[in-house]
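The chains carry the letters A, B, C and D, assigned in the order they are written, with residues numbered from 1 in each.
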Amino acid sequence: MIRFECDYAEGAHPRILEALLKTNREQTSGYGEDIFCETAKKIIGLACGNSDMDVHFLVGGTQANITVISSILRPHQAVISADKGHIAEHETGAIEATGHKVIALPTEDGKITAKQVRQVVMEHFTDASQEHMPQPAMVYISHPTETGLLYTKQELTELSTVCRERKIPLYLDGARLGYGLAAPKNDVFMADLAKLCDVFYIGGTKVGAMFGEAVCIVNDKYKEDFRYHIKQRGGLLSKGRFLGIQFDTLFRDGLYLEISKTAVEQALRIKEAFKNGGCDFLYDSYTNQQFPILNRVVYSELSKLYSFSTWKKLEGERFAVRFVTSWATREENVDTLISDIKRLCKIYGDRPTNYEEAETEEN
Amino acid sequence: MIRFECDYAEGAHPRILEALLKTNREQTSGYGEDIFCETAKKIIGLACGNSDMDVHFLVGGTQANITVISSILRPHQAVISADKGHIAEHETGAIEATGHKVIALPTEDGKITAKQVRQVVMEHFTDASQEHMPQPAMVYISHPTETGLLYTKQELTELSTVCRERKIPLYLDGARLGYGLAAPKNDVFMADLAKLCDVFYIGGTKVGAMFGEAVCIVNDKYKEDFRYHIKQRGGLLSKGRFLGIQFDTLFRDGLYLEISKTAVEQALRIKEAFKNGGCDFLYDSYTNQQFPILNRVVYSELSKLYSFSTWKKLEGERFAVRFVTSWATREENVDTLISDIKRLCKIYGDRPTNYEEAETEEN
Amino acid sequence: MIRFECDYAEGAHPRILEALLKTNREQTSGYGEDIFCETAKKIIGLACGNSDMDVHFLVGGTQANITVISSILRPHQAVISADKGHIAEHETGAIEATGHKVIALPTEDGKITAKQVRQVVMEHFTDASQEHMPQPAMVYISHPTETGLLYTKQELTELSTVCRERKIPLYLDGARLGYGLAAPKNDVFMADLAKLCDVFYIGGTKVGAMFGEAVCIVNDKYKEDFRYHIKQRGGLLSKGRFLGIQFDTLFRDGLYLEISKTAVEQALRIKEAFKNGGCDFLYDSYTNQQFPILNRVVYSELSKLYSFSTWKKLEGERFAVRFVTSWATREENVDTLISDIKRLCKIYGDRPTNYEEAETEEN
Amino acid sequence: MIRFECDYAEGAHPRILEALLKTNREQTSGYGEDIFCETAKKIIGLACGNSDMDVHFLVGGTQANITVISSILRPHQAVISADKGHIAEHETGAIEATGHKVIALPTEDGKITAKQVRQVVMEHFTDASQEHMPQPAMVYISHPTETGLLYTKQELTELSTVCRERKIPLYLDGARLGYGLAAPKNDVFMADLAKLCDVFYIGGTKVGAMFGEAVCIVNDKYKEDFRYHIKQRGGLLSKGRFLGIQFDTLFRDGLYLEISKTAVEQALRIKEAFKNGGCDFLYDSYTNQQFPILNRVVYSELSKLYSFSTWKKLEGERFAVRFVTSWATREENVDTLISDIKRLCKIYGDRPTNYEEAETEEN
């Protein structure tokens, strides 16, 4: 069975393995204080056009979110997130476990707006009993979102503006950042993040690395003592060099963007196939996650051949599902998938424009 | 400069890298629910003579400690540790950050006794104001200890007995377990741990892996919902297969013990050299950590040639230091070190029994 | 200005002050281990028809909620509450500060149903990625609710049943319990709570006491070590006798119910007045909180004469407000209020059926 | 049996009860936003010669410690305390429950020195692996200490100086402050606290109040949002007026000092009696707690007549015990106690200089 269920089904990009092999017997200090990490930090600084920001490498995304958020908030403060945000839904209450409420803003598509943030903050600070409620003191977004969508530069700028007005940090979770940067409709670049966010992280795990996320702290205010927090939350890798080597590899010669682009191309081919098959989409994504809506038969038939996620059960026995590509997705597997989509939609699809042709093909 | 400062200065054992390469493009489920993890768990179960225990793979030691301890204790409960225990001294208050006090028992050498545990627990429960103090409800030990020492089977059995009498779990941190198992004086085997402890972990990071610790939950009482805790504490690796592959490799064909043995042999050669040079030791270790006491000149001269840790400044300008070997330590580097120890101790040592000979050799 | 903004605007019931005076110079042990607390616990046990339950006295409601909830949940577990529940909205994230997510169920009126609970729990445990989400492991309700409403015995029994089926505790916050017990439509008695809940608390602060809430632990499973939790959360009053004396007084000779009844009667008079004045209500309450909806003029005029809470701004410049009575509410103040309501509604009300009459009366 | 076991065995000072009675039916806002609290804050500001500091009223001492400490520290930071400090020993790990380690400095007598603080802080910040250890970031002392001792103005100034040098706050727990201020050897006044500390609290519970501690925040840096923390930790009393009324009463006409003085006088009479009886003392206290050392017979005989605390079992079957007086201690009870001490020490004391006389008296 071919897997399209996530972007971490395979190992690491071959160049990363190569780099690990090549450096394996060199001796370095532990805990990320080595030449590989140092170099990788510089390269990331260059890629972001900001050599002043602090870069720290952590192993995983939940760990990065826990460490960043808990290092910034005071106990009575809460972080604002989309209701579909990863910290709101899929981290087993990890943020709450550090003592903080996640204020989940209702969204249709997983994107929050500057207007929503402004309103929540204003409502809080104009309430006479404000101290009876957690204080909204940070904004968390992901780019792309959990729903595969992107913030435009305009939207991101507005979010940044309201955050600066209200003196609360903007934190961007870039677990799938590569796939956002490589999307045809994206107009947000890494240098923009290093200008508009206070903290953000560049995802490695889902974009070619064995593991690893690069936390970039732009705002000086949040730089102090960050390594204590990494250690306390269990995120300080003994053999930290492995993180440096991987990010060094990913950010040399444009590898990060190059492999992201391939993944997005394959995702868009899949999208096209579902579209041509007459499918609607839960979210109109141009990144590596695609959310077609399938009827029961197509859903069931595809399930026999591929692994993918069931995102949401809809009325009328329809299923919003998620197909995910990654840097490792093989073109031939996508070819097979597309041909199956074509075939199944023609026979069992909701709008089989050419039923006879389908019939014929089947024979 | 040759490094003897820690057991994580190099990469991973070549067989591990080989296994990673070989399996790199296979597709698996994420989060440790893959065939590699499944197999590795079985092999570890076999190695421990206990196929009923639950095995979970985590990335690092602090993470393992946080996750295990906080999953077991109720809020008012505390964990007992040696004052020199890793959780007591070197995890940035990670246990406290999950809400629990670490009750640090005073020790000379980092080892606690059943008698101490019994006394602390008894004193607590016979105190009329017991509810004004955190309740001692878990015992944490490491084997080998931070001081390179080992519990005998007798000592471990006594600790286990008092814990069972008092109905509190015994948790053993085996970050350097391999180097304990391979020590000439050790009489504690993995099957003993699986009988005497409620939970223990087998260290991978320091014993050949890139990263990884295998948490073994023996007592049924502590098995429930453990994966929730791993996720909440940020320890659920997306590409969990990498943990399975590594532990599978380490526990096949006795690799884990084999490479541990090499490391210990080199450590004992170093110990011998310091001993012959007239040095005393802070702790009498038979594992991969050695703690010779150096005078100022020898200390200073060795510092120019090797990196090692300064453990404790003693009276009379003497320094207790730590030399650590690992699976990756090269015999030729140890040869060089030994020859330097010999030379320096003869010239500058506190008890240069044969000064002329030293002189001659120098010429 | 006469206050109807809350049920804690005055001091304590005279009989309580009398009892405090009378016993003031007696010497007792501290921390609630005195004869007054002992007696009060017995009386409460009798009142609840359950002498086996544990009773503990705490100073305030948020403290009671923190202590009970955090003593029961394991770190990965969450508590289910109505979105309008006190713990969800008005405790500054106190539950999250102890590490737990509050799962807020959407409600129109602040009451949750057994069906909702069953669904949340079932959805969780049938999700393949359940460990990526906090585990629903407790149900919190208040009776009366924040919206002044009551659960029927039938509803409470259903909630209790689903909780027992799913082996999760049902916890009832009775901050205003007296005003619920005294409501004309109530069919839930204290003995029912002691049968259907695992833990509940009887509110004193809002029902005649200076301060104090009596936490009743019915289920043996949650009794162990509760005093440690009280102490740890800062709730163990040194002069604990003051809590015993107050609850002893409240539960002797039916005082608790008697004073609650008076408060509810006054509240219903106010309700009647608003109803007669043509007002709608946000919630149809029969307890001591009333939520009439006022137009801008009536709202503004009443604000000049009385203090009350603005609950919600509605469309069309209308305001849902809250008037609260208590054991201390003076009948003459309610008389004045009613006459003002009558007058203002007639002149400025939305449905002034008899405008002339109003005019005349003004003159 | 007469109680000398603690300073909270009786109720409240009569003037406080009187004030409560007098104001009982007045209506005020809740949560400490009333005229009584406002006035009390002003009076305390005057008493401390600092009208700029923020004053907040909390119910109890553990609550005050939790709220102050957790509002100031970031997650990776720890608070320094004497090993005998209340937060280190007798608050059930309440500080750890908010995520912070208590660094317990070893002391003979419960007092820490500026030198100790300087060393701990310096050692931390000169350690290359500092981020592997919690960062010492606050100093907690109590005055008087748990051992009944006082800091001199000189000692307090030195502690303040080192704290300011290292930019860490000095927090003083004044649970028994009155009894310190009233001690014959004391040279620290409230105005000194308001100059030398960043935060301190003035104890009410043990000095005449029913309950209540006044937290004084001197340093502007720690004032922001403090009421959120009070609410979150469960310390915001609904009927906050009761705290205002009590502190208003205590700080009018010098009542606080006056009643403290009486208690100390009685304590010193008891001290004198034990001294004359030939007893040694565990700590040489001039405050309301006295720590005589008794042999087994005297200990046993006194236990039959009085309740007091057994502080520490010493070698040779001797017992260090604690006798405590308070504002409520009756002179006649002290007379009786003194006469019993005299009698018992003469007969059974370790140094009965005049055995015959004792005999005679017995007859």
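As a working rule, a residue touches a chain if its C-beta (ideal position, glycine included) is under 8 Å from a C-beta of that chain, and two chains touch if they have at least 3 such contacts.
Values in this document were obtained by computation on a predicted structure and should not be read as measured data.
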{"item": "Maximum centroid distance from chain A, chain identifier (CA atoms)", "value": "D"}
{"item": "Same-residue or different-residue interface between chain C and chain D, half as cut-off", "value": "same"}
{"item": "Centre-to-centre distance between chain D and chain A (centres being mean Cα positions), rounded to whole Å", "value": "53"}
{"item": "Length of the line joining the C-alpha centres of chain A and chain B, rounded to whole Å", "value": "36"}
{"item": "Of all residues in chain D, the ones touching two or more other chains", "value": "75-76, 91-93, 97-99, 131-132, 134, 228, 231-232, 236"}
{"item": "Contact set on chain B toward chain C in their complex", "value": "70-71, 74-76, 98-99, 130-132, 134-135, 225, 227-232, 236"}
{"item": "In the complex, chain A residues that touch chain B", "value": "2-3, 5-6, 8-12, 14, 17, 20-21, 23-30, 59-63, 65-67, 91-94, 97-98, 205-206, 210-211, 228, 231-239, 241-242, 328"}
{"item": "Contacting residues of chain B [partner chain D, same complex]", "value": "75-76, 78, 89-93, 96-102, 129, 131-134"}
